[in-house]
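Should a chain be cited, it is by its letter among A, B, C and D, assigned in written order, with residues numbered from 1 in that chain.
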Amino acid sequence: MSDRFFASDNASGVHPEVMAAIASANAGHAVGYGDDPWTASATKALGRVFGRKSSVYFVYNGTGANVLGIQSALRAHNAVICTDCSHINVDECGAVERFTGAKLLPVPSPSGRLDPARIEPLLSVSGVPHHSQPRVVSITQATEVGTVYSVDEIRELSRFCRRHDLVLHMDGARISNAAVSLGLGLYEASGKLGVDILSLGGTKNGLMFGEAVVFFRSDLADEFEFIRKQGTQLASKMRYIAAGFEALFATDLWERNARHANEMATYLCERLDTLPEVEVVQPVHANGCFVKLPQSAIPRVRKSFFFYVWDEPLGVVRFMCSYDTTREDVDALVAAIGDAVGGVQ
Amino acid sequence: MSDRFFASDNASGVHPEVMAAIASANAGHAVGYGDDPWTASATKALGRVFGRKSSVYFVYNGTGANVLGIQSALRAHNAVICTDCSHINVDECGAVERFTGAKLLPVPSPSGRLDPARIEPLLSVSGVPHHSQPRVVSITQATEVGTVYSVDEIRELSRFCRRHDLVLHMDGARISNAAVSLGLGLYEASGKLGVDILSLGGTKNGLMFGEAVVFFRSDLADEFEFIRKQGTQLASKMRYIAAGFEALFATDLWERNARHANEMATYLCERLDTLPEVEVVQPVHANGCFVKLPQSAIPRVRKSFFFYVWDEPLGVVRFMCSYDTTREDVDALVAAIGDAVGGVQ
Amino acid sequence: MSDRFFASDNASGVHPEVMAAIASANAGHAVGYGDDPWTASATKALGRVFGRKSSVYFVYNGTGANVLGIQSALRAHNAVICTDCSHINVDECGAVERFTGAKLLPVPSPSGRLDPARIEPLLSVSGVPHHSQPRVVSITQATEVGTVYSVDEIRELSRFCRRHDLVLHMDGARISNAAVSLGLGLYEASGKLGVDILSLGGTKNGLMFGEAVVFFRSDLADEFEFIRKQGTQLASKMRYIAAGFEALFATDLWERNARHANEMATYLCERLDTLPEVEVVQPVHANGCFVKLPQSAIPRVRKSFFFYVWDEPLGVVRFMCSYDTTREDVDALVAAIGDAVGGVQ
Amino acid sequence: MSDRFFASDNASGVHPEVMAAIASANAGHAVGYGDDPWTASATKALGRVFGRKSSVYFVYNGTGANVLGIQSALRAHNAVICTDCSHINVDECGAVERFTGAKLLPVPSPSGRLDPARIEPLLSVSGVPHHSQPRVVSITQATEVGTVYSVDEIRELSRFCRRHDLVLHMDGARISNAAVSLGLGLYEASGKLGVDILSLGGTKNGLMFGEAVVFFRSDLADEFEFIRKQGTQLASKMRYIAAGFEALFATDLWERNARHANEMATYLCERLDTLPEVEVVQPVHANGCFVKLPQSAIPRVRKSFFFYVWDEPLGVVRFMCSYDTTREDVDALVAAIGDAVGGVQ
């Protein structure tokens, strides 16, 4: 079994520049719960990245960021529109329902993307007390199936949301990969396109831990400090989260890391595309590679590499590339798949 | 203003041995969410510390540990008996009520400690559907006012709880300081005395982040993996929490750190006791020092040192000592207080 | 506009025998919250109906019965499997999610019915902490689209649930109509087939208000008295609910009422079937009639009769018959539809 | 054992005028969930009672009214300030915490009343994320110990609330008794004094079931229709609740009933006051009578009359009078107490 994983981009460790920043924050005493110089500096730096109207709050992880960000925007009788494969719908053990009391309205979406045409029919319940009232539209960028919303697609969604008094939330666990894919900065890929709340993920791009909730509408952020504390997501030694964030996002490290991960995914898919019986089933916009393998090949490849089966019946598997995935890692995986598929024939 | 803080023991940074362990965990790829060798090793090591019947789960922080540990033991129509000054009652922004739906029944306790005589009257509602049914007794060790329950006190509480089918939860944010104070090991100071669920705190004793929930009754832990995930407290790169825990608790570091902090608090209180107009209002069992200052002295001391006023009307302030508090730090604080009090005269 | 409604069977008032029972309960003082002779008598009578192992609790309404019954069987990290058109999924403003914290897993079902083949794939997440764990299967009898599960279908479901440690909940808002349709008694149509928790509805069959939660497994009912009180569903003057229930369910009134309603629905559909351009789209098993009308006919019929459009794009409308729907009511509706459809041609 | 109860004013049945109104609402079909002529008429009538700015919503019961009214005004990180003996704190099985996620901050109050001096210290946590933020002040009128806030007391509280951006909620389970006691109309005793949200109780004053939430600030009522539905408190056959409310509150029936109940309580206390060893411990402002009996007398009286012990250790018991309590009922109770106390001597 290889010790290089394509299971998730969170299998990678901490990027050395991030680790150095964390170590350098380990100096003397600091007031807890974010009232320290590192948090002040990182918050300011991220404010420069995300614009004057943004407000930035550090939390522990992505589920925390998603849940608390969404909670800020709705009440228990509201509903959140998302895709059926979204992380909040599938992979957070029902945390959004649990924390907010609200209903998720998952929309089937093979491409991982939402669009106004899929959302509009869900608004017909508007004003009728028997039904949860849609209030938040949550999109994931890059999506759970490795695709990326285009600039126009997000603009169209945000205009639609504004017209219907809906809040647009972006689960940006892989926003860096998406921004690089679009050739945009982080703000240009989020708030500037009309996103109201961003879960800014860094753990999958080289951080040790921590996520940020970025609000682009101050009214939604009003009471977030209380929501975060009550939501168990206020870190006492916040300086270590902050130092990591500044190292990643106030430099070009986020971009370098994401670009590399994306390139590796592209390289992987290009190579896999040449193999017989292997079908790339999603365009590679970011750092994920979704391919269909012959059923019998899957356990064979799994003997050498750890990865996840995405769709059991269809034989679709997911390979995630990371900032530290090497060309040699990819070559080894492709070789293992080639052997497994060859053995099938 | 001094850059040495007596505000809280979480003002200290990460102990160098812990930082080294974290850095050494930064090696290659690892499966996320706790399925990695570091988590396996730390879990095993803590299992040795807490005994065969224990089960150990890492979470992000103390509020998370308290809330989710307590949630494991009750349903929404239950109540949690605690002191009025307990962290869960005062300092977690209502997180227990929010997560569990249960009611807190805070009992006035100047010493920070509960005892059966204060609990028993609250059980008279038992079986009557109009009233929240007591199910958990939560104690803090060392307490929020720096005192420590004796072995006999905890044994008496745990016997009482067993007799009344109550679950005994211990908020052990400073369990290391208490254990050192009692001259006991960590298990001897918790599970062995009849505690059912322990929030095992390390952040205040030299960790970067992370807390553990230790169950001494397997039936209570049954579904904790789901409770933790849904509760937003499952870390994806858990290896860094685990490495820190192993460095602190599978060696004698927890004890060295706690002993030093306790000694500094004792030294501080001994010195303060000699000052005129300064009254030590709680016995120093652990690493906290609670003293009454003349009202006008408080702002003067605050010009030099950052600390918290515990009881505004009474003029009681709190000084917390940490693993890295030095004798010089204490001397400087005492000097500042002496000046301020002198100025009062 | 006619003052006879086919919008819902709850448009009917209180059956005279029920009203008489309520009036006769208005005699003197009685202890509140169910500790009165009427509640004792009704509970005993329903115990005879539902068998020795049953326990019966009165609540205010169907949403309350569904939510609190389901809450009794699960924890917040669980999931409830139901149809996409189920009342709990569509018509209770997200109450189940709100009260229980659990996730609904709605399964598309044109016939309104669930079966093991649709449920089984949802169990693949079992034991994985990232996903809500299925714990309750909720079926509606008669279903929201007017169909009725057969005896064999429910038996198969209950066996499947037992095998997978799932709790089978039945939303019996129209259990009377279903039982009559199946030629069974109320117990024979619920607990005897393996249902664990029944929401026993009567309001749509002639009661003024009130619903009962019937447990067929005592372990699930253990703490229901607290769940009901905390859930705001404990009536202080419970005698009036109880008196109505006894009048309806401890006599053959439930059966007479339901039989009449079912017959009217059958008669209505038979007559509509003869009209051109009108298509009966669901078999008439109970008291609901679902037909497809030409789009332009719908507003015309609505000028004379109040009813609900079930599926806007498809032009499917719902007509519900009640215990007091008369043959003349049906004839008048059919005439109005005939006119509207005729006008279309 | 007498069949006349002093346990609670909800031991009385339905007043004949209310029962007649309910019976007369049982006429033909009506649209469910409040869209019927009786609800329209009752809502309009109550609007005349409570003023142009009021909005009125019917729910099932007092706990539902309290919980959902309060929920309308706060978020989960808020706190509700109330007395320690308040119904929401003691007698609703933790429903407020459960539904709202908020914390109750109960203030000790032997008189059952709050005042600004008791509230102000709780506001010191304002703005600090570690602590639940006070947002609602909830008072009960008449109080749980039979006293009544004066006009000046409520005005002072409402001014204080406005100054501190707090919402003033009144649990008016016995607002009729209080209004009569103060010589005021219902609006004059609530909204006009600055109350923002009123739980308008009628069940204890002659209704069969139902309570109303009256908002005097439209911003708080904005989404109440959804909150009510999701909170399981929307009645399908609402006409029967509405008819009762109109019969009680749009006539002088509420006043006649309450006046009689108050008079009986006054008469009872006057007579008890003449007995040796019986001490009236609260002034009789409304329809409750709180007296201290010798401990050994209590079980003796209980052989003849059902009532509640209010404070076990002190020997204080509660007698509630109702609209249908007769002078003979009171005389019989006084005789029984006289015998029991005489027997003590």
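In this section, contacts are C-beta pairs under 8 Å (C-beta built on N, C-alpha and C of every residue); 3 or more make two chains touch, one makes a residue touch a chain.
Bear in mind that the values here come from a model prediction, so they are computed numbers and not experimental data.
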Steps needed, at minimum, to go from chain B to chain D via contacts: 1
Contact-richer chain pair (by C-beta pairs counted) among C-D and A-C: C-D
Furthest chain, CA centroid comparison against chain D: A
Euclidean distance of C-alpha centroids - chain B vs chain C, Å: 50
Chain C and chain D, separation of their C-alpha mean positions in angstrom: 34
Whole-Å gap separating chain A and chain C, where each centre is the average of the chain's CA atoms: 41
For chain A, residues that touch 2 or more chains besides their own: 76-77, 92-94, 98, 101, 129-130, 132, 226, 229-230, 234
Of all residues in chain C, those that touch chain A in their complex: 76-77, 79, 90-94, 97-98, 101-104, 124, 129-132, 312
Complex contacts: residues of chain D adjacent to chain C: 3-5, 7-8, 10-14, 19, 22-23, 25-32, 60-64, 67, 92-95, 98-99, 203, 208-209, 226, 229-237, 239-240, 306
Touching residues (chain side chain A, partner chain D) in the complex: 33, 75-77, 101, 129-130, 132-133, 223, 225-230, 234
